[in-house]
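Both of the next two complexes hold subunit A, though its partner changes from subunit B to subunit C.
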Partner chain A sequence: MKQLKSIGLWVSLLAVAALGIGPIANHSASLRETIYIIMQVIVLAASLNILLGFTGYVSFGHIVFFGLGGYVGLYLINAQDWPLWSAALAGGLASGLLAFLLGKAILRLRGAYFALATIGINEAVRAFTNNFDPFGGPIGMTLNFKVYNSYGGAANALWMAYYAVFAIALLAVVLNFVVKNSKFGLGLMAIREDEGAAEVMGVITPNAKTWAFVLSAILPGIVGTLFFFKNGHIEPGDAFRLDYSIEMLVIVMLGGQGSVLGPILGAAGYEGLRNYLLTSPLFKNIQLSVAGALLLVIVLFIPAGAVGWLRRRVPIFGKVLA
Partner chain B sequence: MTVLLSVQGLTKQFGGLQALTQITFDLPQGQILGLIGPNGAGKTTLFNVINGVYHPEVGRIIFRDKDVTGMKSYDLAHMGMARTHQIVRPLNELTVRENVMVGACFGRENHNLGKAAGIADEVLGFVGLDSRADQMAGSLNVAQKKRLEMARALAAHPYLLLLDEVLAGLNPSEIDGMVQTVRKIREQGITIIMIEHLMKAMMNVSDRIIVLDYGEQIADGTPHEIANNPRVIEAYLGDSSLANQLLEEE
Partner chain C sequence: MGNLFIASLIDGLLIGFVYGIAAMGLSLIWGVMNVINLAHAPIMALAMFGVYLLFTSLNMNPYIALILIALIGLIGGVIIYYVAIHRVLSAPPLSTLLATYAVNMIMIGLGTATFSTTPRNVNFTLGSIGSGDLTVQGTRLVAAIVATVVTGALYFFLYRTRPGKNIRAVANNRAAAELMGIPSSRVLALSFGLGTLLAAVAGGLIATFFPFTILAGNAYQLKSFVIVVLGGLGNPIGSLLGGLILGVMEGVIPIFMPNSWVPVLEFILFVIILLVRPTGLFGAKK
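And then the complex of A and B:
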């Protein structure tokens, strides 16, 4: 059983590695940009999976942690001359701190009320950045181009950001696996299945949920800094896009919530679809409608997502797919 | 004899409904206390108040010499209280073993996963679910889910076990098996409060019985005293089959 479980981890890591190696092998900058986004989406989806898949709480506003991390990180790089790595870490910690402070309050809400509260928080933080002068208000912040020089120029900096997001995607997969197979994770899954029963059995639900929320916020904050460092600019409209938040949900559900491989399959599948839709003139402007329709189909027909479907169809996968 | 649980004047209301009125008793360690009463009498509510799911308006609960009134159910679980639910609450998408591991991991003894898996297998053997360990809990039938409730509670190695109608819906041979199981649990030194409708089983297994009716504690005594108490017989007159069962005992 133990060995089979870790096979699932290796399958997941190999899948991410196989995706990530492409641009490095080809020295292709355009492929790198495509895969960068997939890696980032894997990080966001795997993080959301801790809350949605393991704990059973639907967060519609999860992108707030990506945006806040981006803002904090870029501010530290730009205004405080912090190196990228410490700034990204600080971005992650800032997001984790926000989750910690909000957790006890909003994780008391259940179902749709929690989901609505997360949207509210995203909008509130967006409004805050819009009015917060150190963050540039509505104009946002533009990275001082000289910053790239300390990383061997812009071209080099982009590759570096890519290696970083690749590594963090692998880390996100490991984190999912470790949480899922830990005592902490068992408590989260008990909460997902029946919060009242979990409490009666001794799970300290307010703490468990808060830590799940914090864990689901840190990596999005880190990749937020990385992305806006690479992007060179951040503004409220780009940092807190509710449509990305909803896409994250679709991706986790498409791949299979609560599984380790799910967010990877979901990210690769959805981004593949998105790239197709963007190049197809017919669908170009309705990609979000497609995401909505997809969500409906998943909820109605394959609630366990691709991984759940594979497990049911091919029994050996039931044991192997983590 | 040391008192494990002392319930002092508990009163609980739901809106205008007086669900419990002034419930008072001491439960010595090692006893099996039977809790009976017609449907809606407040038995399950008393469990919910004792284990912190609801908090009483009036009254105190002393557990292991500590005032636990108003404490959360997870705090009480850590102190050694465990329960089953009348309407079963399996963690459907977890395996039977994982369900039981939750009890072992987060209950009184706070075990790590490895130790909890060992305890789970032991307890599943004890309640006769060992062959189902790797199955999803949602796929069990009702009788098995009742056993799972019991296994989860036992895996915490509690001092006090609250059993809410674990015999309901079981066939006669299953009932005999479950009664044996309850006896064995008591032999391990676990104190038990048991809610049940089946008088015969209750009379057999309880050291003492408390009768609730409309939230009031109308009788408290040995099974023999209860069976001869006119107030109890009166309370059950609305439910003639229960009254008959009760009278049959004598």
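And then the complex of A and C:
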């Protein structure tokens, strides 16, 4: 059984690696940009999965950690001349810290109240950055172009950001797997099924939930820094997009919440579909509607997501897919 | 200063009525079926465009257009319920969120393709009352009156009519209501329709005094969340009061600090209320 489980991990890692190798193999910058976004979505969705899939808490404003990480990282690079790597790490830690500080308070709320609170926090942080002068207020911050020189020019810096996001996507998958198969993860899943019962069985629920929240916040903070470093510019509207946050929920649901492979399938499927719709002459104007209609069909008829569906249809997958 | 304060206060209160009925729609749907309707925003936006189109192309009086839009809102809501919500109502809460979000995507997608995202406004005015600093726009005054009438009508409907009592019974205990012979799915559809009707009326009223785009609903949907939490989820009259509070905040705060601080205070208040008193200031269902 143990071996079968680790097959699931390898399947997931292989899927991410297969996606990520493409642009490196043929040195295509346009393919790299496409895959970059998919990798970023994998990180965000897999992180959200720790909270949503394992713990059963629906965080609507999870994008706040991505945005905050981006802001902190870019500020450190721009104003304090930090190197990218330590700035990205600091971005991740800042997000983790925010999650830690908020966690105990808002994780007492359940269901819809928790979901609404996370929206409120995202909007409060967005509105605050709009007024916060060190972060540039409503105009945001633009990266000094010279910064790229220390990474061998802009073109090189973009490749570096890509390698980094690729590595973090692999890390996110491993993190999901480790959490899922740890005692800590079992505690989270017990909370998901019945929080009261979990508490009676000895899971210290406030702590477990807080750590799950922190774990789900750190990687989004890191990729936030990477993305806005690559982008060269950050502003409140781009950093704290509520609709992007909801897209992550959609992706986790599509792939199958609570599974390791789910967020990967969801990310690749959703982004692939969107790219197709955006470029096809037939659907280009109504791509959002087509995506919405598909989402509706999936929610109504395949509620367990792609992984859940595969597990039920193909018995061998039930054992192998993590 | 005194006059400015009173004028801002009145302006805020009047807008607050409209915010209130928008939030009431959200709160009603939550109270009856525990669904957070994420399609609230596009419904409001499409209602704005409905009033705009009827006004510009048919030269219809916006308030007559509003009645038509309200009816379409009701029917649209019933359709949305049967297509998207009915099947997932007893599934985990995330499913209904995603279902309504899918409806949101479909409507925004079609709306953007049809109307693009350029701002529009309904070029309609009822003049203003008062003088100097103390003037009140006619359209805002009428909007507040319409909102009050709609609230009154809703309460009359919920407390004095048979279908209204059915809605309250289903909200209270769906299984028990079914045992009493109440056709619960029809009642749920009607409640969803009423919720979207309220959203549509609010959208239509806003269109008479603010410019808007197809994406304008998002801001009002967020405000509605804040208001619903202030007033207590599932408590429609609380929503009206919550709307007034928010309206007054928006009217009065800019006198003391830059306008851009208003949302910061709003959302901090929102999170604090959720933490300290999740049932809202005026109590909620359950």
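As a working rule, the second predicted complex is superposed on the first by the 302 of 322 C-alpha atoms of A that agree within 3 Å, B and C clash if a C-alpha of one lies under 4 Å from a C-alpha of the other, contacts with A are read in each partner's own complex, and residues count from 1 in each chain.
Assume contacts are C-beta pairs under 8 Å (C-beta built on N, C-alpha and C of every residue); 3 or more make two chains touch, one makes a residue touch a chain.
In this text the structure is predicted, and so the values were computed from the model without any measurement.
K.L.:
Name the contact category of A:L186: first (subunit B only), second (subunit C only), both, or neither.
P.N.:
So A:L186 only meets subunit B here.
K.L.:
Using the superposition described at the top, determine whether subunit B or subunit C touches more residues of subunit A.
P.N.:
C
K.L.:
Contacts for A:L31 in the overlay, against subunit B (first) and subunit C (second): which applies, first, second, both or neither?
P.N.:
neither
K.L.:
With the two complexes superposed on chain A, say which partner A:A15 touches: subunit B (first), subunit C (second), both, or neither.
P.N.:
Neither partner.
K.L.:
For A:A293, select first, second, both or neither according to whether it touches subunit B, subunit C, the two together, or no partner.
P.N.:
second
K.L.:
If you stack the two complexes on chain A, which partner ends up touching A:L109: first (subunit B), second (subunit C), both, or neither?
P.N.:
After superposition on chain A, A:L109 lies in contact with subunit C alone.
K.L.:
If we overlay the two complexes on their shared chain A, which of subunit B and subunit C does A:E199 touch? Say first, second, both or neither.
P.N.:
A:E199 sits against subunit B, while subunit C stays out of touch.
K.L.:
Could you give the residue numbers on subunit A that contact subunit B in one complex and subunit C in the other?
P.N.:
In subunit A, no position sits in both the subunit B and subunit C interfaces.
K.L.:
Can you tell me which positions in subunit A touch subunit B when the two form their complex?
P.N.:
By the definition above, subunit A touches subunit B via 181-183, 186-187, 189-190, 192-194, 196-205, 258.
K.L.:
Enumerate the contact residues on subunit B facing subunit A in the complex.
P.N.:
51, 53, 72-74, 77-78, 82-83, 85, 89-94, 98, 101-103, 105-108, 112-113, 116, 152, 156
K.L.:
Would you tell me which residues of subunit A are touching subunit C in their complex?
P.N.:
52, 58, 105-106, 108-109, 111-113, 115-117, 119-121, 123-124, 126-128, 130-131, 138, 242, 246, 249-250, 253, 257, 285-293, 295-296, 299-300, 303
K.L.:
Can you tell me which positions in subunit C touch subunit A when the two form their complex?
P.N.:
Where subunit C meets subunit A, its residues are 30, 34, 36, 38, 83-84, 87-88, 91, 93-95, 97-99, 101-110, 112-113, 218, 222, 225-226, 229, 233, 258, 260-261, 263-264, 266-268, 270-271, 274-275, 278.
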